[in-house]
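Dropping the structures in below, format is structure tokens.
One chain, subunit A, appears in both complexes that follow, with subunit B as partner in the first and subunit C in the second.
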Partner chain A sequence: MINKLLEVRNLETIFTTEEGIITAVDNVSFSIHKGETIGIVGESGCGKSVTSLSIMRLLPNNGIIRFGTIIFNGENLLKKTEKEMRDIRGNEISMIFQEPMTSLNPVYTIGEQVAETIRMHQMLNKKQVVEKSVEALRMVGIPLPEKRINEYPHQLSGGMRQRVMIAIALACNPKLIIADEPTTALDVTIQAQILELMKGLKNNLNTSIMLITHDLGVIAEMAERVLVMYAGQVVEESPVDELFNKPLHPYTEGLMKSIPRIGKNTSERLHIIKGMVPHPLEMPKGCRFNPRCDYTMDICIQRSPEYREIYPGRFVRCWKWEGLAAYE
Partner chain B sequence: MAKYLIKRLAAVITVMIIVGVIVFFMMHLLPGNPAAMMLGPEATQEEITALAQKMGLDRPIPVQFIEWFSNIIKGDLGTSIFFQGMPVTQVVYNHFQATLILTLFGLFIAVFFGIVVGVIAAAFHNSFIDRFFMLITSVGVAIPNFWLGLMLALFFSIMFPILPPAGYKPFSAGFFVSIKYLILPAVAIAFGQASFLARMTRANMLEVLQNDYIRTAKAKGLPEYKVIFKHGLKNAIIPTLTVIGLSFANLMGGAVVTEQIFNIPGIGRLLIKSVFTRDYPVIEGIVLYIAAAWVIINLLVDILYSLIDPRIKY
Partner chain C sequence: MSELLLRVENLKKWFPVGGGIFTPPKHYVKAVDDVSFQVQMGETFGIVGESGCGKSTLGRTILHLLEPTDGKIFFQDRDVARVKHKDLQKLRRDLQIIFQDPYASLNPRMNVGKIVQEPLLVHCIGSPKEREEKVEYMLETVGLNKESIKKYPHEFSGGQRQRIGIARALVLNPKLIVCDEPVSALDVSIQSQILNLLNDLQGKFKLTYIFISHDLSVVNYISDRIAVMYLGKIVELAQKNDLFDTPLHPYTKALLSAIPHAEIDKERKRIVLQGDVPSPIDPPSGCHFRTRCEYAYDKCAMNAPELQEIASGHFVACNKIN
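Here is the complex of A and B:
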């Protein structure tokens, strides 16, 4: 399809550690269309962030992309040289990180940190760079940006710092923004503001967003399509409304049930998914979710389920739905 | 900033007063009569009393202190006993120049190589070059500088005579001539400090490079060298800066010893001579000069510190 901006196919990212090889991302495939917001949900350590760092090719030294293709704008990012990747980072694909408190360099002014990105990717003179930096800061709702460019990160609140991060990400009008838990470290009211801001900017600039979070509320607010990841694999992909109406994978179902809801009988305890996320070196045989699943069958323990399209646009990796695979 | 400077200058003056008090009382509370010690065992009681009177030692200690102190404020540190009544300021100044130049040159070498080696080692963490530098620097912190001085002189002046083995030429003899004489002693005193600073810079750098803002810098598309030097080094250098003041003290201590080996007419040689000849006013003067130099260097470091790290507010 021509309007696919990013297509990740069969991505496998591993880490070499002293205890052995950890497969952090296992056979992950998905795509993002132009102007679309896709949400990736999952617990800590399920491979969400590693997927995003793989796309940016910013994995730590012991991380290796062993398999797969990442097609961005028609070109395979895994075939790019480091120099070519640098031209893409911050320019065509940019990132917003979880911790606004530590993601900005404490010894440079915020103006400089925005300007640096612009200088890196655009041939502009000093005055134009400053103007563009001020413009980027104004766009993300920082009051008096002409004055604020001379302030240091420690003089700003967490929400303001995250706005600066967004300004940095937007400075070169990227085609894709990867937002890795952009609101997790913020107060709830600030969270809403930041999400609102991102939504507005996305609509104005027609940027695609890959939103990584463990917060289903954020997903419901922002995303059009959702990927659910568990233990390094994508277990479900679905348009957002359908996912909330009828989760297919038992893990997704568990996640939905564990959201507290106003109006529900408060004496009833919140659902918990029993057990723990498996250790990456001791993945269970068969379906990776089987030790924690309420519907485990014999086959779940023996063989790993395929990732299949069950309904149009709805994919799931679960034996429970095997019989329903209408597209065979 | 101006307020901070005034505050710091007040602190400098306080430190100097305390140093002065300690120096004065150490000299005067030592067992024995300074006059007797100066004149030696063959002096008669009359001679000692006469000298003590001449030196004002017969007066009460607080009176002596006030007089001594008010003279210091006027810039008068008394007269040397050994150098036939030459003012102490003059004697110390003549020798201090060589030591100060040697120490500052050593400081430059230590800071420059310490930081460069530390950054390279961190940038190539766990590589051959990192291990090689760490080996050299662990040797560097371990070997005593006077031994290194001897070895350097042996190697570069006797086996391969490219540099003078000893001596001192002031800057008035020409900058490069002077530097030629200073290279070996400066390297000798700086090697240990450079090693220490390199190890420290490396450790700080490795820690800083783990930070989220380094990832942000990479995600902006900055090249590796910019990530390391612009975003890494400026943060990693902050703790290194604080120890530069301490390094200066160590270097000066090293200079005092190394001057003996390289025959440099510096404060170290003067100090040793003065101790042997019981030239108390000169010893007092030297201690005050060294303390002043140390306090001033630390003040400069603190100012630099606040310029680099915007989070430091005074």
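Here is the complex of A and C:
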């Protein structure tokens, strides 16, 4: 299909550690269309960040992509040389990280850091680079960008630093932005500003966004389609409104019920997903969610469920829905 | 009629900035500036605010972990701020704290049994056998099994560590516990487990909580009354339902509208505040919120509004409303 910007097929990423081989991402497939925002939710350790690092080929030394294809704009990223990848990173795919404090270099001015990306990918003279940096900073709503380019990260607040990160990510008009928990370190009122900013920029530039977060509220606000990850696997994929109206996978359902909500009767107890995320070296047999699931059946303990399309556009990995898929 | 447990009057905690041994400080960071409120026995008093608003400093000053600059803190009619060091230790039996970061607040070289027993040792309570029994009972109460006594903190997950922290706080049978962002570092599914646990324990041990958090939905779930702080001052204080149904202060309104809801929207109008929280070293004159407030007028630059009771139990500090 022509409008598929990114297609990840059967991705498997492993880490070799002293204790053994950890499969951080297990058979993950999804695609992102042009101009679309896709949200990836899951708790810590579910493999959502490793998925994004695999796409960028930025895994640490002990991480290996063992299997799968990543097609970006018609080309397989896993076949590219390191040099070719450098032309893509920051230029066609860029990343926004969670911690604006640690992902900016403290000893360079923010102007230099924005300019670095531009200089790397575009043949421009010095004056043009400065103009373009100022333009990028203005676009993300930094007041007086002509002055700000000479300031250092420590002179800016958390929200402003995150704006700088977004400016760097946008500097070369990338086709895809991977935002890994972009607002988690920020206060609510600042988070609201950044989310509004990202929405506005996306509509103006028609960039695709892959938004990784643990906050279902942010997902509801930003994403068009959602992937839910658990223990290295995608357990559910759905358009956002259908997911919130009727979550299919028991894990998604549990997550939604366990958030305290404003305006809801607070005298009742919160819903609990019992137990905790399994250790990556001791994955349960069968469905990985079965020890915590409210609907566990015999088959759940014996065999791992397939990832299937149950309704148009709605995929789920769960035995509970298996019968329905066979029926259709 | 509920009994008064804690009364805080005009509490101030200023941190000096600059200056040396012989020169006076150049500025003060007014982390807590003239804060007054009361907490009833058995209730959960929530404090919300963004980073740097002074909510954690307030919590620690109440426990006298930080020396207050000025003001009074009455715990059951005894002034915590003026109590002698010797008596303070006795008082601390009744006052405990649960910290945010379950990774940093447990000593990695002590096993869980020792960690939970330490408060008993410090206060010389019970015989060794009694102490051991108490520790076992406490761990069981917070949902950890007996085998965990011999384990070390690194063997536990974040949620379990937070349970250890709770057991340690509870082992002295305190009356008041300050919970400083106890669930912020936890995943959603674990967060709900801990919140339920805190609720159960409150019923079981007749505890009073001061619950500090930046997460409005969590505070809403657990609290009876809520104070909203901005730059060292309480800007609004009300019963939970009053605060969420009819927020009065423009900051509270903006804060409530800023939370992304985990549901598909019925057209919500969001108030997006402009700019950042001003530096606490040099806060704006008059009302601290005026630089970001859409209703600010000339009076706000001159007059710092006082916290006033608008409706029964609903206090707000705003020039426009007062």
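The criterion applied here is as follows: the second predicted complex is superposed on the first by the 325 of 328 C-alpha atoms of A that agree within 3 Å, B and C clash if a C-alpha of one lies under 4 Å from a C-alpha of the other, contacts with A are read in each partner's own complex, and residues count from 1 in each chain.
Criterion: a contact is a pair of C-beta atoms (placed from the backbone, for glycine too) under 8 Å apart; a residue touches a chain by one contact, two chains touch by 3 or more.
Predicted model, so just to flag it, every value in this text is computed and none were measured.
Aligning the two structures on subunit A places subunit B and subunit C side by side, free of any clash. In the superposition on chain A, contact is made by A:Gly90 with subunit B only, not with subunit C. In the superposed model, C is the one of subunit B and subunit C that contacts more residues of subunit A. With both structures placed on the common chain, the touch criterion links A:Thr102 to subunit B but leaves subunit C unconnected. Of the two partner chains, subunit C is the only one that A:Asp215 touches; subunit B does not reach it.
In the superposition on chain A, A:Thr117 makes contact with subunit B only, not with subunit C.
When the two complexes are overlaid on their common chain A, residue A:Val188 makes contact with subunit C while staying clear of subunit B.
By the touch criterion defined above, A:Leu58 reaches subunit B but does not reach subunit C. Centres of mass aside, this uses C-alpha centres: at subunit A, the angle toward subunit B and subunit C in the superposed model is 70 degrees, to the nearest 10. Our summary of the superposed model lists a minimum C-alpha distance of 12 Å between subunit B and subunit C.
Shared contact residues on subunit A (touching subunit B in one structure, subunit C in the other): none found.
For subunit A in complex with subunit B, the touching residues are 56, 58, 85-91, 94-95, 97, 99, 102-109, 116-117, 120-121, 152, 154, 165, 168.
If you check the complex, the residues on subunit A that touch subunit C are 43-44, 157-160, 187-193, 195-196, 214-221, 240-241, 244-245, 254-256, 258-263, 266, 269-273, 276-277. Within the complex, the subunit C residues that touch subunit A are 50-51, 157, 159, 187-193, 195-196, 199, 214, 216-218, 220-222, 240, 244, 254-265, 270, 272-273, 276-277.
The touching residues of subunit B, counted against subunit A in their complex, run 211-213, 215-223, 231, 234-235, 238, 308-311.
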